[in-house]
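Pasting the structures here.
Both of the next two complexes hold chain A, though its partner changes from chain B to chain C.
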Partner chain A sequence: MGTYTVSNAQNLRICVVMVGLPARGKSFISQKIVRYLSWLSFKAKSFNVGGYRRKGAPRPSADFFDYSNAEAYKIREQAVKEAVEDMMKWFEEEEGCVAILDATNSTRVRRNWILKLCRENCIEPMFLESWCDDEDVVLRNIADVKNSSPDYEGVDSEAATSDFLERINKYKEVYQPLQDDIDKDLTFVRLINVAQQVVINRIETYLESRIVFYVMNLHIKPRYIWLSRHGESIYNIEKKIGGDSSLSPRGLKYAAKLKEMVKESAGDRDLTVWTSTLIRTQETAQYLPYKQLQWKALDELDAGVCDGMTYEEIEEKYPEDFKARDEDKYEYRYRGGESYRDVVIRLEPIIMELERQENILIITHQAVLRCIYAYFMNVPQEESPWMSIPLHTLIRLEPRAYGTKVKKIKADIPAVSTYKERGTSQVGETYDEKRKSLHILNSTSD
Partner chain B sequence: MGTYTVSNAQNLRICVVMVGLPARGKSFISQKIVRYLSWLSFKAKSFNVGGYRRKGAPRPSADFFDYSNAEAYKIREQAVKEAVEDMMKWFEEEEGCVAILDATNSTRVRRNWILKLCRENCIEPMFLESWCDDEDVVLRNIADVKNSSPDYEGVDSEAATSDFLERINKYKEVYQPLQDDIDKDLTFVRLINVAQQVVINRIETYLESRIVFYVMNLHIKPRYIWLSRHGESIYNIEKKIGGDSSLSPRGLKYAAKLKEMVKESAGDRDLTVWTSTLIRTQETAQYLPYKQLQWKALDELDAGVCDGMTYEEIEEKYPEDFKARDEDKYEYRYRGGESYRDVVIRLEPIIMELERQENILIITHQAVLRCIYAYFMNVPQEESPWMSIPLHTLIRLEPRAYGTKVKKIKADIPAVSTYKERGTSQVGETYDEKRKSLHILNSTSD
Partner chain C sequence: MSDEMTLKEGFARKSEVESVEHAETLSITTGNHMARTRRRWSRSSQDKRHKGQNLADNVHEAVTFDYISPGQLYSTESGRLFHAGKILVVLVGLPATSKTLLSVAITRYTKWLGVRTWSFHVSEYRRRMAGVGLEEFPIDYFSARPQTAEGSKVRNQILDQVSKDMLAYFKEGKGQLAVYDALNILAEERVQLNQQFMEMGIKVLFIESVMNDSELIKHNVEQASKSADYVGWSKENAIADYVHRIKINKQLYEPMTREEQLSYVKYINFGEQLIVNNNHFGYLVNKIVFFLMNLGEKKGCVYFARCGTSKDDKYIRDEVLNEEGLQYSEVLTDLVLKTINARRLTKSKNAVIESWKNSPKIRAASSGPASPSPSPLIPTHETLRRSESTGNTSVRQPATGDGGDEDSFVVWTAPRKRTFDTAKFFLEKGITVRQKSQLQQLHPGLVADLSKSQIKEKFPEEYREWKKDPYHYRFPRAESYHDLAVRMEPLLLEMERMRGDILIIGHESTLRVLYGYLMACSCSDIPSLQFTRDELIEISFGPFENKVRKVPMPSYRK
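Up next is the complex of A and B:
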């Protein structure tokens, strides 16, 4: 493609080799990187060696991880070999760009073996160590692991914790952290106590530097992110897209109600409101008693020459464009305007800043909200432009170690539907909410 | 303002305290940060203690920097005090945002003194150490310093080098680098051998993380950046702004000639061509035998509802907007379009990537080129939207340690002028090239 800020123009192949004891957030970081890169259209995949190991040893006790246990060691060797083989295949057959080898990779011998394999296959290895001696963080991670790992399914909680601590001790016996002197020729990043300190060595490519900047900005404090479209606008009623119109009377009602809804959802938490620079988002935010910030990057997808038209007018005036957009809505760029891909690129700093921040309420527009939602919920590109995100609905995201919890709160204030199905220029009337909201409803977990 | 990606919404005050022996690129880094932040509309200023010291000791020999030289020490103490006083005044009176204290700040005692002052004045201190044991880099820096520092004006080159080396040794006797253990509670960044390794500790605010990411991406390899507008387009001839028209016959001639011009200027150097996604830049690049990359972020400033109009039409149809734009061209945002400020924000990733890259030729549009040029040449915001950057002219920038050398190469192919003077809707005819190109001509140094 080569058209975008973040493009893999050089056909780079990067293997992020995770390093760290168990319960250091390696899988969390791996999954975040994959989600971030995928959202930016880089082909990325995490290879979790634990998953491969479970085939040979589904629920091993701590003894299994003793390095003197020869039989177990063989099974573990086999697991890492299979993971690396699959990774190489993925690079070759699926033109992968960034693979994450999610394992402890505790010893220098193991890391040198991976290094050699990478070099033989024209893959840039980047070691990413998560090092942590903050007991609170480790214990929180242990709680996450024992609740989510298949290794401890159905095991009594206390027993699981104690076994897991023992397992960590087995690893500690052989663990060799990355070292400035011995490893000085490697490309590596050390995250110390959740990025309180970060050591970065020999980062050379743009993509590596982006990954580093991203992981530097991650935090694990509990928080909420609320998303809402602006209230119903005059243009919404007139079925026009784009523009900069004011809210309809029903839209204004939503603005008033939003204050209560947010108050109820947020409780005493402080939060900051982010809006776009367009009137309808600012009118929607007008009653909210929180700090507000406007971002040009949150403005609606620019429809270029079609701005201010109805879909029917677009179909009549630009029938080929209309068809092309239906065929590939993610890539289609309005004449003189933007594509969903363009919007994702300009949202990247917003996502980066969202990762850094704590409680944020974003009031923005349909296409922009789809892109932000797709990032947090890992929605594939083909689907995200077709997601239904109805008006007058507050969405609350709760980022967790493994995925994002989402809650949808309806305002119970009627609004037109602005959802346009593929292959029609009709909006709203033909709209089957149950089916179209599937994506959101499915992921609602409380 | 609060409308932009990078806004100082929290009224942060940051003092970047440089740390490092002489000839470690501290002033280079300081000036780069100031230029970058100013371009992004953050109020930033560097306070160079050497400059203050020169008032009391204009051209001292190495002995002056001996820590046992009590009289000299007093002068040096006085210099740092004056610099810090001015800095505090600047924070207060001019609502400064990021100050750089550009000095060696070699000892922990000195740094603790600064730390205390910062805390008393609600300023976040961020220590930025440039540490280097790569002799080649140090020698290159020494050459830069002795050529540019007033301390060695008129001094024989060899004598200057030897004196400067001796001066560095005096500093080495007392120098205490930042240390992970002792300084673990400070916010600091250590750049080791020009960011080959970077250690980042307790970075907490967004702005700090941006500064860190920026300095991580700096390099000092010699290279060129070429800038050119697209060749004359059909719209240029019709005096229309925006659009996506093709080149005129004269524009196509420029495209053909550009190949020779670049070849002559670049010699054997390899380079990459960056264009926008618009037809006229791609047609201009069509004969260039180099790798090409398209960036949406390089598209022309979006004139919104005025896209495709002549200035005369805009003046007639939107007289108030026309006037408002003339009054504050940097801030004026076209209805449904962009301001210069908006363009700067979307160009930020381009600038970041440009800092990382080596030889790059950018073919883009008038407003975008003004913004990029303003970054490299430190052109103030009030002036940059009014700079003349004529068609059919190749600009070659050569980033140096202290500033950027610029060379302007004319293609000698006639083109309309697209320059619009303040207070008129006329383009071209009234154009006084000598006066309008002043900014470029003044900075041409070879």
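Up next is the complex of A and C:
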């Protein structure tokens, strides 16, 4: 394989090389890291070697993974090469920042090969090993794999489990875990039995430490997150943005109803309610019988000079700004105010906290909710600011190992629409097939 | 805070009666001994403390009963961060393994986060007890297992006192986190500590500092020979004495293993490797581990400078620099480079410097790979090491641009136009300039661009409230300093991670918060800290405290 030239040596480039036997949660971790970093606007992508292998061997049996099976080995070798080649191309052509090589990378020979290739291309590899000898955890992971992996599509459940266990055994024959002495010069992280013991070696950049901290906060305990906008406010009715107004009579009705809606959805769970510091979210939370915390970070996107105006007024007074915002809503920063990107950065501690916590209800604002929703549902930046999240609707998210499940609960209390489409200053929705994906209520699962 | 400030205030007494009892149980820590050590901690600035800018590092100041820290997310009636519980952090390790530095750093960070933290340094207890000098101590006091009866008597006496004080701190002082800075190298002692505190519902986390890098040890021994223990000693004698302390303990040292079944973090060679074991404490411990991952010995300094001026000085308009602002930027650039170069030159053993002027090759090596022109900074050994290892696939490649190297220099600015433009001359010289959105100034909300008297007139009630608590009060639609601190937290970690020099060009509000972290200022001090355009603030790092120096700006106004 050739050397790839690098022009942007100033920028940090990291390749997270996953290490570990099958069913150790490597793909789960890879996906989460990509989600977290992309949401923070780092260019990140996971390269799953299994996906490449499937091109040559769509549904192999355990024998395929026997290291003495020369023909199969060639196919597997080819898959790794293709994945790495694509990864290098991605670094170069798309100016990637963090790539995840999601494979077992179980032998030292393989890892050294990747190491050398990365360094030749000014990419620093960080090895992330998930090591586990806890049978229960492994079996739970196998159950997840066989439900989600294309390798076992249509295969009887028991047969799949035993085949998979056999596959793991084939890997065990050659597996060389990372070792403190031999690998002491590498940057690596070992997660032992989820995170009972964590070994962190030679973390040399801030970005790496952020990734490790994030991974340490992940948990897979079952839980829910509820999201709601505040009830309809006076400003909503007046079509004004921003401000700090109170709820309208209909908004107050929603606040009253929210209590039963949450109770019905959450049962006896003890929730914590997070609101912003603005009046309308606190009024919405006023009847909820749970502990409540106010976060400044949950305040609505600051519209700067346009605060308190209607879209029509903005279009008239700041026509260029109005146009610029429609063109790149994610990056556009209101004069003296914020952009969606700014909101995401201030929400980062909230996301980290949400990953750690169990049952949380968040009552906040349209733009902030879009950003939080985008994180859990992997919504790309160009779409997230255009998502429609109606008033008077409770959203329940259920983060699972491979994606997040969404449930919407409508309060059935009428409210104005605050949705503004691209290229108009009118609020309100005109339902359009093309925009279907932007309507969160039409995408009920990830 | 004055000389009379004693530890007991840190324990936050509710009534006079309790206070008297407390003074008895804490006989070592109160009275003149305490005042004396306190003076040593902040001697340089003792007299200036109530006059304007506070130049002392307050990390060792007691936390009062109603203390609220700068970055505290929320507070409960118990005064504890609600989901973290009580934790005792126990340092473990031989002498010369930076235990004190670690305990001070953890104290600084967690205090800032809003955790009621207090560090208990056994060395401080011992010095206070000795009163005058080291000579009076039994010869084998410094062994973890003294052989003489007298030695073990004094040792036990001191350790008992610390342990009593720590318990009192948790029980009566509403403490949430205590940091215990002592050897703790015997397994039996650790098990006993763990048992004693766990029984009271206090979780115990051990942080074992291991050093097997001889360069690091040598450096630490040298640092120790300059410590308060060796005032009046010759350097050779001090080093010999300290090396002896290490030697007698080395043979007793029982490193921590999984078999002990304790929760611990092994911190090896100053963060080269971290091992986290049995971590069931969640939030706070993860935070501390994240912090430790980023902590390192800082060789460089942090510089603070205001941004240049603009025409009308209006917030909303996001103005560009005016002519004076441009002149200021230019003079600032020269001053910062000159200051950094002067510091490099004083490290005279650096051979690279000798040949620097004559060798274009070395000059070229001092700039980053992306910079076409030679760096305006004097190269160091670190620079050479970097240029030699670039492209060598057998070693980890240096990460340029994020301050990982000892001789790196990075400029941070806020995203506002005039702040970013203040750094333009650095950018022209090929120095890394990073725009940080967290450095966005405090949002003034509805009081933007109003003078104090205008605010008083338009928002009389809000103004009165603000006067009462300028740190936490939020004008309508504005950010409070507290909001700002929470928003800026990720920057603190990034700052800790950077080994070299950092210049932060920002609005006064953001400089106040960062300065407040580095010098452990209280909420009541932060909003009134002053940064002018007539001086550059330099903060250098020490194991026990940080130091501030003001560098006057040459004239730039016409």
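In the analysis below, the second predicted complex is superposed on the first by the 421 of 446 C-alpha atoms of A that agree within 3 Å, B and C clash if a C-alpha of one lies under 4 Å from a C-alpha of the other, contacts with A are read in each partner's own complex, and residues count from 1 in each chain.
In this text, contacts are C-beta pairs under 8 Å (C-beta built on N, C-alpha and C of every residue); 3 or more make two chains touch, one makes a residue touch a chain.
What you see is a predicted model, and the numbers here were worked out from it, not measured in a lab.
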(request) Identify whether chain B and chain C fit side by side or clash on chain A in the overlaid structures. (result) clash
(request) Quick one: classify A:Asp134 as touching chain B (first), chain C (second), both or neither. (result) neither
(request) Using the superposition on chain A described above, determine whether A:Cys122 touches chain B (first), chain C (second), both, or neither. (result) second
(message) One more residue to check, A:Glu85. First (chain B), second (chain C), both or neither?
(response) neither
(request) Please indicate which partner A:Glu382 is in contact with in the superposed arrangement: first for chain B, second for chain C, both, or neither. (result) neither
(message) Output check: A:Ile345 vs chain B and chain C. Expected answer is one of first, second, both, neither. What do you get?
(response) both
(request) Please indicate which partner A:Met216 is in contact with in the superposed arrangement: first for chain B, second for chain C, both, or neither. (result) both
(message) For A:Leu293 in the superposed arrangement: first (chain B), second (chain C), both or neither?
(response) both
(message) Output check: A:Asp180 vs chain B and chain C. Expected answer is one of first, second, both, neither. What do you get?
(response) both
(message) By the touch definition at the top of the document, which applies to A:Thr277: first (chain B), second (chain C), both, or neither?
(response) both
(message) Identify the residues of chain A that lie in both the chain B contact region and the chain C contact region.
(response) 9, 180, 184, 196-203, 206, 209, 213, 216-217, 244, 277, 293, 296-297, 302, 307, 335-336, 342, 345-346, 348-349, 356
(request) Enumerate the contact residues on chain C facing chain A in the complex. (result) 74, 258, 271-279, 282-283, 286, 289-290, 293-294, 315-318, 368-370, 393, 395-397, 399-402, 404, 432, 437-438, 440, 443, 448, 474, 476-477, 479-480, 483, 486-487, 489-490, 493-494, 497-498
(request) Enumerate the contact residues on chain A facing chain C in the complex. (result) 8-12, 115-116, 119-120, 122, 124, 180, 184-187, 195-207, 209, 212-213, 216-217, 244, 277, 293, 296-297, 302, 304-305, 307, 335-336, 341-342, 345-346, 348-349, 356
(request) Quick one: which bits of chain B touch chain A in the complex? Just the residue numbers, please. (result) 2-5, 7, 9, 180, 184, 196-203, 206, 209, 213, 216-217, 242-244, 277, 291-297, 302, 307, 333, 335-336, 338, 342, 345-346, 348-350, 353, 356
